[in-house]
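All chains are identified by letter, namely A, B, C and D, in their written order; residue positions are counted from 1 within each chain.
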Amino acid sequence: MKLVYFAWVRERIGKPEEELSPPAEVRTVAELAAWLAGRGEEYAYAFENPGIVRAAIDRKHVKPDAPIAGAREIAFFPPMTGG
Amino acid sequence: MKLVYFAWVRERIGKPEEELSPPAEVRTVAELAAWLAGRGEEYAYAFENPGIVRAAIDRKHVKPDAPIAGAREIAFFPPMTGG
Amino acid sequence: MDCPITVRIQPGPFDAAAEAARLSAGRTDVGAVVTFTGLCRAEAGRLAALELEHYPGMAEEEIRRVAEEAASRWPLMGVTAIHRHGRIPPGGDIVLVVTASAHRKAAFEAAEFLMDYLKTRAPFWKKEHHVDGSEGDWVAATDADDRAAERWRR
Amino acid sequence: MDCPITVRIQPGPFDAAAEAARLSAGRTDVGAVVTFTGLCRAEAGRLAALELEHYPGMAEEEIRRVAEEAASRWPLMGVTAIHRHGRIPPGGDIVLVVTASAHRKAAFEAAEFLMDYLKTRAPFWKKEHHVDGSEGDWVAATDADDRAAERWRR
């Protein structure tokens, strides 16, 4: 699946997007964030406070318990500050 | 003192303004309205429901119990519908 | 806080865009500008025009008092209120209120306050003119407008 | 109710006046138009610019969802929302919301709702650039914005 990152999540991870295939036991957005956090220092830094990072699946806001099965594009980003 | 009338108060009385000298016992806006209502059919019609007619003294909104002593210009008009 | 207040009563149309732009022009502390434009409705094709009568001496003074009260209640960086009088056809502009502030909450609240107070305190009266050429009634004040103004009382 | 919805995400400036005029042009049932413009503040001279990052795929879709919700909650006759991205200097426009309705209450409430939801749901992030040339921090989301959005929940 395609992962995309924005703002300081993007800066901490050091790339705007990547293709990854998480293992089958990673079922929800929260589990995906935890799995990513274990992939290295830069990911651990991005997800050091997992409660604050928001997510979208296929361009729609989702909660941490949302299942990721079938997702084409999952985004992680800080709370929004537009407007 | 100068009396000025607007909207249907003006139409009912039949003139936009006039100079009048009410007797000394007419002390408040409400008493002035009652005195005017006794001046003829057209005034009685304008003040037939005195509770609805609003007043201003020297271009400031006032309540019915406002004293009229010293007023240069007293206005009577319906509730406002601008904006 | 420096809050320039502009109030005008005029028969002709206003330029809402120019008035709004003027409140933030040349300054970098304004973060929010709210513009309200009130227009004449045709009322399902019934109306040929609204005629707005006003109290020439008092109208500008009263609107200025309302604008000054808004500037004292909210941290505004500019207030403009323009009210037309005379005959206005459907689709024509009647009233303009513009508020500028650092943040949107103050700008929104002040603009609503101004409109609610304008409706119930500014000495203007609307008379309807019908498309069949007949003169219609004076528009009646509404309870909804009174209630809207009432919520700002303190 | 016929409520045309226009949503645009763009790097360049917008013409607030033209957008507002478009919502009432050629119709005589609109009685109220509310325009909100959000601008970049200099923050007491500290900022050289704000840089707005956005999620290109999602930003327009999410704002359109918010606009459609506004049109379903209030009797609107038009909604326009335009959000810029990229580097915006102090005094520059960031966001525009325009709402049109027969009456002012709906137009005001819908415009405030749109702004509150845009602030907390539209995928945009602001980064500060300082006048001394240094890159500043990402702007933090505020509790006040969360509370403002919360009041519309039902």
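Please note the rule applied: a residue touches a chain if its C-beta (ideal position, glycine included) is under 8 Å from a C-beta of that chain, and two chains touch if they have at least 3 such contacts.
As the structure is a computational prediction, the values presented were derived from the model and not from experiment.
Q: Let me check something: if the centre of a chain is the mean of its CA atoms, which chain is farthest from subunit C?
A: The chain farthest from subunit C, judged by C-alpha centres, is A.
Q: Taking each chain's centre as the mean of its CA atoms, how far is subunit C from subunit D in angstrom?
A: 23
Q: From the mean C-alpha coordinate of subunit A to that of subunit C, what's the distance rounded to whole Å?
A: 48
Q: So, what's the distance in Å between the C-alpha centres of subunit C and subunit B?
A: 26
Q: If a residue has to touch 2 or more other chains to count, which residues of subunit D qualify?
A: Residue numbers touching two or more other chains: 38, 115.
Q: Could you tell me which residues belong to subunit A and also touch two or more other chains?
A: Expected reply: no residues.
Q: Judged by the touch rule stated earlier, which pairs of chains are there in contact?
A: A-D, B-C, C-D
Q: Give every residue of subunit A touching subunit D within the complex, in rising order.
A: My answer: residues 4, 6-8, 56, 59-61, 73, 75, 77-83.
Q: Which bits of subunit D are touching subunit A when the two form their complex?
A: 38, 52-55, 57-58, 61-62, 83, 94-95, 115, 118-127, 138-141
Q: Given the complex with subunit C, which residues does subunit D contribute to the contact?
A: So the residues of subunit D touching subunit C come out as 16-18, 20-21, 24, 26-42, 44-45, 90-91, 102, 104-105, 107-108, 111-112, 115, 144, 148.
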